[in-house]
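Scrolling down, you'll hit the structures one after another.
Both complexes shown next keep subunit A, but they swap its partner, so subunit B is in the first and subunit C is in the second.
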Partner chain A sequence: MAQNTAAAPAQQKPKKEKRSQFSGMSKALVRRETISAYLFLLPSLVFFVSFVVVPMFICVIYSFMEYGLGGIKGFAGLDNYIKLFQDSIFHRGFLNTVLIVVVAVPTVTAFSLWVSSAIYKMHSVPRSFFRCVFYLPVVTGSVAITVVWKWILHPYYGLLNQLVGTDGFDWLGTSSTAIWFIILILFTTSIGQPIVLYVAALGNVDQSLVEAAQVDGATKLQVFWKIKWPQIMPTTLYVLVITTINSFQCFALIQLLTKGGPLNSTMTIMYQVYDTAYRLNDLGYANAIGVILAIIIAIFSAIQFKVVKTD
Partner chain B sequence: MKAKTTDLSGTSTGYKVFAAVVLILLAIFFLFPLYWIVTGSFKDAIEINAKYPIWFPQNPTVDNYARLFEHPAFKWLFNIVFISAMAMILTCLTAALAGYALGKKRFYGRAILFTIIICAMALPKQVIVIPLLQEMTFFHMNDNLWAVILPTVGWPFGVFLMKQFSETIPNEILEAARVDGAGELRTFFSVVFPMIKPGIGALAIFTFVNTWNDYFLQLVMLTSDKNWTLPLAIANLQGEMSSDFGLIMAGAALAAIPIVVVFIAFQKYFTQGIAMGAVKG
Partner chain C sequence: MKMKKPLALLLAVGLTLGLAACGSGNNSQGGSQTPAGGSETGGGASTGAVELSLWSFNIGGFTDAAAWDSIVAAFNEANPDITVTVTPINYQDGDQKLTTAISSNNAPDIIFEGPERIVGNYAREGLMVDLGDLWSASGSDIAEGISSVSQLDGTYYMYPLSVAAHCMAINYEAFEAAGALQYLDETTRTWTTDNFVKAMEAVRDAIDAGTIDITVPGIIYCGAQGGDQGTRALVNNLYSDYYVNEDGTSYLANSENNVKALTLLQDMVNNKSMSANASFAAADELQAFANQTAAVTFCWNYSNYTQYAEQTQFTPFAMAFPSDDGVPELEMAGPYGFGIFNNGDEAKIEAAKKFVDFVCNDQAAGTDAVKVTGFFPVHSDWGDVYADAEDADVRAPFALMSDYLGRYYALTGGWTEQRALWWPMLAEIMTTGADVQTAADNFVQQANANIG
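Right after this comes the complex of A and B.
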């Protein structure tokens, strides 16, 4: 009945995008739909506003405050942000975080694409098996995975030293090796989701195009780069963005394995946020670091969008 | 040349063998931590601290579990199950309602709202945890299980996923329900809900697993040991008794096994749903 009363208010050709949403709807219907839509959205919006939007604003406001153990001590202006540029721990944390992201993101993406292309044509049983195995570390959880690695890497009782024959070597207590183990463990807990996504995306590639290319004598690699790669591009973009965000936020590994040490060699921005807030009790500064981390992630994501979209 | 296989793994048998070998080695590498947790949890102190690898417990013992349950481990297990289950139920319910509105209704502010949700999803979740603690403290909800549940429900990924699913519902069906005189809520629960069930299944398992493993939020919010979750308790225990690996492996096994079982049981829904949400987005 609603559709019949639609008087189609002046359908102008320009501004098509704005109009099209409501085309064919009467004013009363639009109003009714808007009210009911917001009622449906209400429960979700209450949670979203209370626990995402509000803390976001608190974070930004506190970053301009001097906020120590006893509460807010006053307005700090840009002091917390200026401090960042002079803080050698932040510099170290920034470089380490960038190293983790720059190593982990391409490796995770390339590797998960390779695994997916090797398994997506398999019979459904082995395919599910492999997909499950690679997702297992994600499900097992960062804490359980981290504590078992801590044991494996233990200088005296650890499996690694027993296998390699380097008794007593402290992999996590040595500046040059600690961060590489962090990256390795991060890698094992990161490829699960990309593989699930790539297996689905590769299965959705338009087979008629693939066959047409093969009839024209295209090689496997040509088929992959010219036909499949462009079609799975949205998935690649999504994988890049989520892997980047996850790598930037790498926390449990660091807190449980090294606490940023030795000599800040595994300090990351995220760990510094935590350390500054709860060990040093400097909430103003911690929130400023948090704001900067959010901005850095936004920049990285924007770059990925640009690079991938123009290709 | 002759074969019509079209995958990257190519036609040459040499490459296929190579790929299979690499995949199997990798699978062993990825399964190994879980194997080491479970077998480690049954080793006695001598085997745990042995100077050479013991691949399988020679004198299996449940001593580690006995020591684990000298702590309030059942309470910790209950806490994490309660948090994950509550977060899952509330997320699925609110996200299904909101996703349907975003996917199927035409209303003022729809485009802006959707943009805000997408932007929020790219936000580093952990950054807002510290201000969240201030907010919870203000409402006297810090060190409370709900301080972990409520923020998890606020995270907009579920709304996004449910919108993707709702969009696949044909308009004619909604129209037919309306013509038959079904009200908005009636339409939602008897027409929309059954159609987006696979999506809800995926979101449920995704939320459950992610909440279970959201260590940072639990660490910041839950301070007294009666409110710890199992993963948080293991993390704290390994700080206190860092070389009692038997006890810690028992805890890790108890934290990991239930969630792994849940995941394997429901993985079909999960893999379909997550892939659909992302591929369409």
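Right after this comes the complex of A and C.
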């Protein structure tokens, strides 16, 4: 009881500190500062609302329309959504998308953390070198990367076939292998940013806590798990969410390498949105797929926020 | 502070749902539109000056927008008040650009392409202007086959400039070294199905023996729809069948002769006198032909000849597709011509018609434009426009191919949808060994569902 009584004022303390943020400021000054803050926010907010929120709602509205090249032909009700759940290509795209996310996200996160743990203590020159090496695919651009991978995987004069001795094997033209190469290439282009973020986060871990734990006899694993891991948790959450969204949106690689084939084995929801809108000109259906994709991403992100609890 | 939570919620929801908007946001500003255009470049009818936008697909030499300069300049001599701005687009992302422009009421005034898009896609959606007056005035000498594909339900929506035939080509030196030239008629550039099979087997044997430095005899590309006219023509010609029945009510991939043709090709893949790649589109196959990985290409025309001429260290010998009776029926390359988007501005429509009339019907300007495409004029009374050309001998085989022109299918209902089904069907048959009849039946069932 005594402990509870003592803890109560301590719990209220931050609230008091929060209030004191404006102590000594007149109400007019607070209002003026608040208005200034919103004015600073306004340009980006206007941009965000105009180019994200408004199109987002238009997208939802169009998903209920029969909408082709000649404009809106009529109200479709739930037809586009019903069609979507009966569409075997969408089913395949959904499974492929989930496979990409389920494989790529943990792999990218774990590998990035592992590499970062190895390089963040290095001298600045080698550390910068490794960060550059891993970040290079991010700045190189999808087109250049796919050209290189196309050459590596080319069935007739590709490097991989020469190394493995599988002359003529069509890695991207075989259903069982194509999706794995898409994931591999996505992996190489996705690890750059997490590594940079993790190196920074690990560098910011409070060394006094680490040293105190070491003095108390903590093992390396215990130091990492009990001291470092909680402190890099916000970075981990960010990496998870961004990698998940990027994986869901995997489009350029598929457009440039496989066009969703062979036999829809690399079809993803994002690619189907593009294909339905721009090749089949079925804009209403494409919007419906886009809405479903957004909902799926929102669900995945919510789960990640829930699982990786962080401030 | 009370604002914080709702604002954060709005931002969070917006960020996630915004992905969907990004995915298809480009199409979301349009709304219903009867007129397609409303292009902002409009000069306005009231002043007399008109600005036209022309979007040109990369047909032959029109890959480069500068190829239009002399044609537009000649037009401006007679029509100084009309300005034409040319935007080159290509088959990789041209459809995406056009869809975005149309759905946001920014369609170009004029498009240079073929009936598949102008008539089959855009006129069918009610976006194009009736060009019947141009046809009445100057189209009397244009062949019936070209005239019929320029219209929809009796209304002309396209005015053609040039036409050619899609064909295939062989590596002449490789065939010669393999002893395969005996199987083809070099004069008529035709061969029978039996001789085609023998020729490809001869090439395969020569590769195996190391006589020729080629990797595979030929490649059936089935990784994307680009260049699918080549694989269609190959299958349809082998046993003299068609892609669509005569009244356009059904696709015919599962007919007895087409199944026989697909089975033959599957057998050829199995015995390695042919190869199949589900990661190859036509461009990949053409590149493989140009760098002597493959001894034949199924996607050839004068335009491709010029594009790959610098790379080829051999003689690409244009050939008709093999057929059991030796009488091929080739698919049209084109006819390429113009369509005018109905932007609701009469002055612009009239100006656009003047431009189309000038380019397609003025013999001097038209001949120049035809030469840039590399194809042949649709006006039969213009004669041989390449008679004095330096490369007349190179063009001659392509002129010969025009004699073998067959039916035009690309206006059949559900054409766009079936194109997405054809190459996966080929991939299924050629690369997974699927049962031909079953795969073809599935294709026809799905393709016919959209035929309308």
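Note that the second predicted complex is superposed on the first by the 264 of 311 C-alpha atoms of A that agree within 3 Å, B and C clash if a C-alpha of one lies under 4 Å from a C-alpha of the other, contacts with A are read in each partner's own complex, and residues count from 1 in each chain.
The rule is simple: a contact is a pair of C-beta atoms (placed from the backbone, for glycine too) under 8 Å apart; a residue touches a chain by one contact, two chains touch by 3 or more.
The shown structure was predicted, so the numbers you read here are calculated from the model rather than taken from an experiment.
Residue contacts after overlaying the shared chain place A:G71 against subunit C, while subunit B stays out of touching range.
Residue contacts after overlaying the shared chain place A:I245 against subunit B and subunit C alike.
By the touch criterion defined above, A:G261 lies against subunit C but remains apart from subunit B after alignment on the C-alpha atoms of chain A. Of the two partner chains, neither subunit B nor subunit C is touched by A:W180.
When subunit B and subunit C are set side by side, the one touching more residues of subunit A is B. In the superposed pair of complexes, A:M270 makes contact with subunit B and with subunit C alike.
In the superposition on chain A, A:W151 makes contact with subunit B only, not with subunit C. Once the two complexes are overlaid on the shared chain, A:A200 sits against subunit B while remaining clear of subunit C. Of the two partner chains, subunit C is the only one touched by A:L280; subunit B is not.
Once the two complexes are overlaid on the shared chain, A:S142 sits against subunit B while remaining clear of subunit C. Common to the subunit B and subunit C interfaces on subunit A are residues 48, 51-53, 55-56, 58-59, 62, 156-157, 245, 248-249, 270, 273-274, 277-278, 283, 286-287, 290-291, 293-294, 297-298, 301.
For subunit A in complex with subunit C, the touching residues are 48, 51-53, 55-56, 58-60, 62, 67-72, 153, 155-157, 168, 170-175, 178, 245, 248-249, 257-259, 261-264, 270, 273-275, 277-281, 283, 286-287, 290-291, 293-294, 297-298, 301. Those residues of subunit B whose C-beta lies close enough to touch subunit A in the complex are 4-11, 19, 23, 26-27, 29-31, 33-34, 36-37, 40, 48-53, 90, 93-95, 97-98, 100-102, 105-111, 113, 117, 120, 122-132, 134-135, 150-151, 153-156, 159, 175, 178-179, 184, 188, 209, 212-213, 215-216, 219-220, 231-232, 234-235, 238, 242-243, 245, 248-249, 252-253, 255-256, 259-260, 263-264, 267-268, 270-272, 274-276, 278-279, 281.
Considering their complex, residues 10-11, 13-34, 95-96, 99-100, 102-103, 121-122, 125-127, 215-216, 222-224, 275, 277-281, 288, 293, 416-417, 420, 423-424, 427-428, 431-432 of subunit C touch subunit A. Residue ranges of subunit A in contact with subunit B, taken from their complex: 1-3, 21-22, 25, 30, 33-34, 36-41, 43-45, 47-56, 58-59, 62, 114-115, 117-121, 128-152, 154, 156-157, 159, 162-163, 167, 188, 193, 196-197, 199-201, 204, 207, 210-211, 214, 220, 223-224, 228, 234-235, 238, 241, 245, 248-249, 251-252, 255-256, 270, 273-274, 277-278, 283, 286-287, 290-291, 293-294, 297-298, 301.
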